[in-house]
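Everything below concerns the one structure shown next.
Chain nomenclature is as follows: A, B and C, assigned in order of appearance, with residue numbering initiated at 1 for each chain independently.
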Amino acid sequence: MTAAEVIATVHGSPLTDLPENLYIPPEALRVILEETFEGPMDLLLYLIRRRNLDIMAVSIAQVTEQYLDYISLMEGMKIELAAEYLLMAALLAEIKSRLLLPRPASCEAEEEDPRAELVRRLKEYEKMKRAASALDGLPRMGRDSFPACPDLDLPPRPKVLPQITVEELAAAFRKALTRAERIKSHPVAREALSVRERMSRILDRLGEGDVVAFENLFELREGRAGVVVTFLALLELCKEGLVEVLQAGPLMPLRIQAR
Amino acid sequence: MTLKQIVEALLLASPEPLELRQLVSLLEEEGPSREELETILQELASDYRGRVLELIRVAGGWRFQLRREMAPWVGRLFPEKVGRYSRALLETLAIIAYRQPVTRGDIEAIRGVAVSSHIMRTLQDREWVKIVGHKEVPGRPALYATTENFLNDFNLQSLSQLPPVSVEEDEKTEEQRETEAVRATA
Amino acid sequence: MTLKQIVEALLLASPEPLELRQLVSLLEEEGPSREELETILQELASDYRGRVLELIRVAGGWRFQLRREMAPWVGRLFPEKVGRYSRALLETLAIIAYRQPVTRGDIEAIRGVAVSSHIMRTLQDREWVKIVGHKEVPGRPALYATTENFLNDFNLQSLSQLPPVSVEEDEKTEEQRETEAVRATA
């Protein structure tokens, strides 16, 4: 903006400079940019259409000038612009510089007009902008038409409960057990019960020539596994001829003694 | 648009019954009197009498309703969705079936997580599970078991018909290890 | 009940448009032919013409809806719903509708700005847009397209009914030039 430009007329006299105390907060300008334009394509299109120019006929140089002016105005006011606006500014500046550069005649045929890509994009964007407003113009459910919503008056029906098969039940149980094994913590190692060790212990007890009642050799606190180990140990001892099993008669208590 | 058409449209589109005073406030701009609206509602109700849709007066106001006679066909639009039971429920039931009688604590010990009261209630509502006694330990927790209804629903004559669930791998291994140990010493 | 009354009731009760084949399967017991149903639908549509409710055909099938002219009043029932959508959302929807299937990158290339995730989510929540696949390029970006619900909500029977976006003069010329070239070589 040049200083000579008349901004407004105040009490009949022209005003050429912004008064020092008239301050437009940069935020307000940023809002205009963000609320009015959907992005750099939209702003560019606005700059072209403002003059009723055809995209094809437009002078890129002229629009570029205006766009860059706009951006530098924003920057001058320390407005943080969305990166997309700056990207477009860079693209425009590049196109402008390429147009200014003299090109050797031989290259001219191959090199595409740098404006072509931009023009194509602008046209596509404008088409989609028009498509958007055409879509918005279609009668829309919930805005222009509404569904009928009568009460259906259906009688209540008995609830259908899910069914399970026996196989699903068995599978669930197997899964629960498998998982239980995995998640069970094993801080207590099961007492090691070896048959040989038990054989020695039994012989030790029988060592003084005592006769011990069969059932007294078992310790209930050891559980099933203990009983099994003790029994196996006794069988081993019999087999090796180290102990004798005595029974006074059928169904009488068994007694064990060392040989 | 006539006022009658507008009232008709409002009643057709409203998902809830509309009371006279709601119609008055929706049509504030048009400003009909209560009497006018009352007449219109009576007229509409008689216009629709005997048709597929009927205008009826319910507790909440006026409402268009599909005639009850249409229910057998309309019901077909909303086939019933049969839900599925959660894995948690299935496992809880399985543990009760295979290990009964069990306390909630027993079930939790196997599953490793707390048993939700919701699941226990569902199982009891379904009459698959019932409380058969209390364990004689502190707190006297309830002991759960399956019911006769459970057997009927699962086509079982007795619990012994439950499919056998194989002993776990590692338990087997342990037994085998013991047997092998005995053999080795022999 | 006549078959026509049953069809009328089904259409009035259904929350979604009903296609002819859906009606055939709902009325399997009654066993009307497709032709019979087609005739009934045409009759119903003409019976209702000019009334507050109308029977129309959209992509998903046949649907009763309140006439568009009633919107100013009916809209008062749903003050929160009669929302306006932002230009950004409409442009995004337009690009997906007219250029589908497209990636977010495609949309961004046309609009020149990043596509907000909020807009994409809104479009998907509204069931106007869905992911139909992935483009076989690095990163395999999602490809978006419009749904049947989009067509239903915009009163369209197919995408070909989307309002045409006028082709610019010079593009036409280019096409014509091509056509002419083809003719010339033929």
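Definition applied: a contact is a pair of C-beta atoms (placed from the backbone, for glycine too) under 8 Å apart; a residue touches a chain by one contact, two chains touch by 3 or more.
The structure displayed is predicted, hence computed values, not measured ones.
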item: Chain nearest the overall C-alpha centroid of the shown protein atoms; value: A
item: Most distant chain from subunit B, judged by the mean position of its C-alpha atoms; value: C
item: Centre distance in Å when subunit A and subunit C are each reduced to the mean of their C-alpha atoms; value: 30
item: Length of the line joining the C-alpha centres of subunit B and subunit C, rounded to whole Å; value: 36
item: Residues within subunit A bordering two or more other chains; value: 146-148, 150, 152
item: Multi-chain contact residues (two or more partners), subunit C; value: 12-13, 53, 66-67, 70, 74, 77
item: Residues on subunit B engaged by subunit C in the complex (per definition of touch); value: 1, 5-6, 8-10, 12-14, 26-27, 52-53, 66-67, 69-70, 73-74, 76-77
item: Touching residues on subunit C, where the partner in the complex is subunit A; value: 12-13, 15, 53, 63-68, 70-71, 74-75, 77-78, 81-83, 85, 87-88, 90-91, 93-95, 97-99, 109-114, 152-156, 162-163, 165-166, 168, 170-171
item: Partner subunit B, residues of subunit A touching it in the complex; value: 146-155, 157, 160-170, 172-181, 183-184, 194-196, 225, 228-229, 232, 236, 239
item: Partner subunit C, residues of subunit A touching it in the complex; value: 38-42, 55-56, 82, 84, 88, 121, 123-125, 127-148, 150, 152
